[in-house]
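Which chain is which? They are A, B, C and D, in the order written, and residues in each are numbered from 1.
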Amino acid sequence: MREISQMKPSLVAGALAVAAFAAAAALGGLLSSYSTGLLIDCLIFSVLALGLNLLLGQTGLPSLGHAAYFGVGAYTAGLVMLHVSDSFWWGAAAAIATSMAVGAAYGLLALRTSGVYFLIITLALGQITFAIAFSWRSLTGGDDGLRGIGRPDLGLPGLNVDTTAGYYLLALTAAAAALLLMRLIVRSPFGEALRGIHQNSDRMAALGYNVWLYKFLAFVISAGFAGWAGVIFVYYKGFISPEAVGIVVSAEVTLMVIVGGAGTLIGPFLGAFLVVFMSHVVSGYTDRWLTVLGLLYICVMLFAPKGIVTLVGDAWRARRSA
Amino acid sequence: MAFYTIQILNGLSLAMLLFLIASGLSVIFGLMRIINLAHGSFYLLGGYFGLSVLNQTGNFWLAILVAAAIVAAIGMVLQRVLLERVHGNELGQVLMSFGVLLVISDLALWFWGGLPQTLDRPDFLDGALRFAGLFFPKYRVALIVCGFAVALAIWLIIERTRIGAVIRAGVDDAEMVRAIGFDIKMVFLLVFGAGAALAGAAGVLGGAMLGIYPGADFEVVLQAFAVVVIGGLGSLRGAFVGSLLIGFSDTIGKALLPEFAMFTIFVPMVAMLVIRPEGLFGRA
Amino acid sequence: MSAQAVDVDNVVMQFGGLRAVDGVSLRVGVGERRVLLGPNGAGKTTLFNMIGGQLQPTSGAVRLFGQDVSRQNPYRRAHDGLARTFQITSLFPDMTVGENLHLAVRALSASRFGMIRPASQYPRIAERVADVLAEWRFPAGADTLVSNLSYGDQRKLELAMAVANRPRILLLDEPTSGLSATETESVVGLIKGLPEDVTVIVVEHDMDVAFAVADLFTILHNGRLVTTGTAAEVQANEDIQRIYFGEGE
Amino acid sequence: MKLRLKTFAAALVTAGLSASVSAAAEETIKVGMMSPNTGPFAVIGEDVRNGFQLYVDEIGGMAAGAKLEVIFEDTQAKPDVGLTKIKKLVESDGVNFVGGIVSSSVAYALRDYMVEKNVPLVVSVASADGLTQQLAAPNIFRTNSSGSQASHPFGKWLFEQGYKRVVMIAPGYAMGFEQTGGIARTFTEAGGEVIQSLYPPLGTADYAPFLTSLKIDEADAVVAVFAGSEAIKFVKQFEEYGLKGTIPLVGTSLLTDDLILGQQGDSALGIVTASHYSSALDTPGNAAFVKAYREKYDRSPTLYSEGSYVTAKAIHMAIEALGGDLSDPAKVNEALAAVSFDSPRGPFKFDGYNSPVHDIYAFEVKRKDGELVNEPIERFEAVSQFYTWSPEDYMAMKPYRDIANDWAK
């Protein structure tokens, strides 16, 4: 009896999730192709933010150079498409592997520091990656970037990703897969240990956890998620250029995580949707949209430093207990 | 030989400009633990306010004074109204100050336009000095002298005055200063204002050397951060030595290895963080 | 020759110009209960941190069961059977009591790197957590956030987490500081109830507690070891009286 | 939970856009204008918008009896943003033409999408050679010179002026490589020699280390290609370091274009550059254009605003030629490709690859009636992007962006 009552909520949640996925998928057919395209942008940055969140929200490591792994993934997938194979799976595997390898190399360097120095070294590593993307013309195309990257072949009959609606399904599935995987990770003993490290790394070490290794693994996994986002990005846009690797993207992703709510699973999605929506829609109405974006940064830090999800959650709990 | 003499002078002039910006950034960090990306906005605003004053009055010195004063006031308001509220939250400070940077650069674009501007320097500093067959701009010589003078002045203030003693104590332990009965918040405010004023003045001085234009804020703050990181966050001596190192590595690196010019700032920065995260003169 | 559980061999800890621990040697046998005494600044916590691995000695060696661990990370020592508590309560404030214990119990299990199965679905770990909870009884319940726990219960949890993995060596840094008389009494009972083969070193200011839990006492002063002796010897030694009880007040 | 939020956000997006989606009336012809309104390139974006608006106002906002509606979008000079914005223009607003585009990287990013949609893209500023060469397509046009177009006649001309050995300095990205490459090719083919090439990276704060590394003792002239704030810094520092007066400074016209000339002041005097336009041109169309532009915007037009003005005119001419019937994309492309008219810069038409054939000038910075101007001193008639080569021969050569380091001996 007890088991059934325990299972019920998770069954309901599962059913809800499936229904929500189906509804979101159906949306692709209903919306105009431009709106669907914006949703794809939102999903891509959601995945990137989700990956950063593992570092920032779970482990408490404030990375300011996450666009680097995103860019490495996108460039790798693009290069595979241009020179090797149009298979989605080859491109994605190579991209994620390269992102994680770069994440591992940078992680080795960055984890020698902590706190504010960690912030600065990740920023500097990000800028170095930008400089490489800009200067290594024979590989990356320099400032012009790589272009002419077609839509990939998934080898799945019935799914045509050449259309925006079709690609939306791919992006949605990719984001859902990332979310499910991240959900597994944060609920696993590994994820629990990351939270422990965030709250009290000295105690974690005294208990017997290899804190450095956890941080390193989190760094590498997080880079892998960023690479996955890069894959979805580059196949959708058909090009990649150094701008996608720069500090502005890194800062925006960090903002997305914080706006939504660092350390929550929905937060990065909410944050990504909000920021992408802001920069594309508000800029259609006013030239001063950068001011609006800047004010968003300021206001979030002032009024919701733990993010909207946490803010709403707290308010909800406060009302219930009142 | 001539080549290296000129490059060293180039390096020195860039270093002194960087020092004016980085010294404030570093002391502010040491005292308040604030990571202030908007420090670059102080430079930008200083340049633009200086330009406006210069266009009205034609007086370069007045431009420096007014720009420094206005930017100091803006800085103090910023510190009181915004940055203090996120005290202790490093990432929060970075993102908030990034937001401030965005707002200020956008408003500056709106107000002063997107056209790159140059500030006219005083007539007697125009032209070049000639010695031993070498050419070197007078203005840069003046900037080098000015940089050393300011460095000396800051050093004297911090080492030899009462307020300097309080600042030094505050860098060590802000709580202790409070316990002795000093209004630490006032000290914070004044130091922040002074740092902003220096950056504002640097905007005028730098504007007359490099021009002032949208995007200058971000360029400058990244370089200043490299200086501060290499010298050690919170250390004035570190800011001075770091400025010299970055000034030289940037100039001489670009002169000798132009194809790696994009890496002359960030690679030394990462190397320093990996080898000695607290910088040359910082404390762990 | 049987290895000592803890063998501290002439360790020095230098912080800049300050020598916090200056050539201390200390041997604690298996199953022994030892209390470190000394005024504030005597170097007790620094010594603890060198045994636990939070600090690495400037010179000298630390051996656990005969093995030199001087340069080993704290987590490696935990796997060798060492556990500790901290002077200032060191818990995971935004987690529940149960989650804190989960982290403690899992620390030495192979599943600590698991990334797929939810943390809550490891029956053996859940069982052990349930056992510890039953043994230590937190009236607020396992689902209470640690930050909402009373101070006494936080100290108790600190201790429970240290013993949850049945350590062979237990370092307790002022386990009763800030506790009421009844709470202190229960902590003393808990320490005394530990299995006999567990080596326990305690830093303690409360002399009643110290005499209740230990047989031998080591006195530190200004970073140096003054003497080691029984309760009677310590009470009789005049130097100690002067150092410890005379000047402090 | 996450999915429901997604739905919600999507609903917001739709709500925000539905208004523009539904407004596709028949008698309106829509033109999208893409330019950077924010960031360092904002000032060029402003010129682009002004030039376009001036022409649209001149024709009373009507073309072939239909109302001409212009929708401006901010590319932020970011390729990714540019692509999203152009999708909005094409898919959501349903524009018939897209004009503008300042950054070459943005142009490259949009190119494939626009070819797929087959909506005419008339690039006003971005100069990347490839756009109308290897990547040429029936619906991709440009109205300003391609990167190396003005450089070709100029390089040969420099040799004819008596310069035998030059040093080159340009920003280390495609624009710099193409503009110096064109000069280097015809200059060396004529018999000249490039003895040094330096490519400072984008965002160089101080040119002093590069200026003082130039081998000016061995050279007859310095060839420099910079734009915007970099051009101002470079020209001013060239004077500060005592180079002005000791060695001639020549380049392409971005170095002293009408936008920044005032800021450079006397330090720019005597610099000789090449391009297809300056506000000082003495052509039949230019006087009226400059006058109208000054009246409306209170400053001189630049080659950015003129390029955008020509974009508007080309689009207008094509619409008139079709009598307002834009239903067949192939015909629209053909009509655009066939336009030919007098513009402020002089006679304008497209070559077979949709890039302009127009006169190229050598300009010298002079002071005239108290104002600094780019005074034409030489004219090269009807120059195309392929100069004297055939398109096939030309495109068989390696692109300039890949051989930047091969010129210097």
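Note that a contact is a pair of C-beta atoms (placed from the backbone, for glycine too) under 8 Å apart; a residue touches a chain by one contact, two chains touch by 3 or more.
Going by UniProt, the chains are B = Branched-chain amino acid ABC transporter permease; C = ATP-binding cassette domain-containing protein; D = ABC transporter substrate-binding protein.
This one's a predicted model, so the numbers in the text were calculated from it and none came from an experiment.
Between subunit B and subunit C, the least number of touch steps comes to 2. The interface with the greater number of C-beta contacts, when A-C is set against A-D, is A-D.
Among the remaining chains, the Cα-based centre furthest from that of subunit B is the centre of C.
One simple way to say how far apart two chains are is to compare their mean CA positions; for subunit A and subunit C this gives 42 Å. In terms of their C-alpha centroids, the spacing between subunit B and subunit D amounts to 36 Å. If each chain is reduced to the centroid of its CA atoms, subunit C and subunit D end up 73 Å from each other. The set of subunit C residues touching two or more other chains is empty.
Within subunit A, residues 131, 134-135, 287, 290 each touch two or more of the remaining chains.
Each of the following residues of subunit D touches two or more other chains: 38, 172, 201-202. Viewed as a contact network, the protein chains fit none of the simple shapes, being neither a path, a ring, a star nor fully connected.
By the definition of touch given earlier, these chain pairs are in contact: A-B, A-C, A-D, B-D. Within the complex, the subunit D residues that touch subunit A are 1-7, 9-10, 12-14, 16-17, 21, 37-38, 73-74, 76, 78-81, 83-85, 87-88, 91-92, 104-105, 108-109, 111-113, 128, 130, 172-174, 201-202, 401-402. Contacts from subunit B toward subunit D in the complex involve residues 3, 6-7, 10, 13-14, 106, 109, 113-118, 128, 130, 135-137, 139-140, 209-211, 213-216, 219-220, 223, 250-252, 254-255, 258-259, 261-262. Every residue of subunit D that touches subunit B in the complex is listed here, in rising order: 38-46, 172, 198-206, 208-210, 212-213, 228-229, 232-233, 236-237, 240-242, 259-260, 263-265.
Those residues of subunit B that touch subunit A in the shared complex are 33, 35, 82, 85-86, 89-92, 94-96, 98-107, 110, 222, 225-226, 229, 233, 259, 262-263, 266-267, 269-270, 273-274, 277-278.
Every residue of subunit A that touches subunit C in the complex is listed here, in rising order: 184-185, 187-193, 195-196, 199-200, 202-211, 217.
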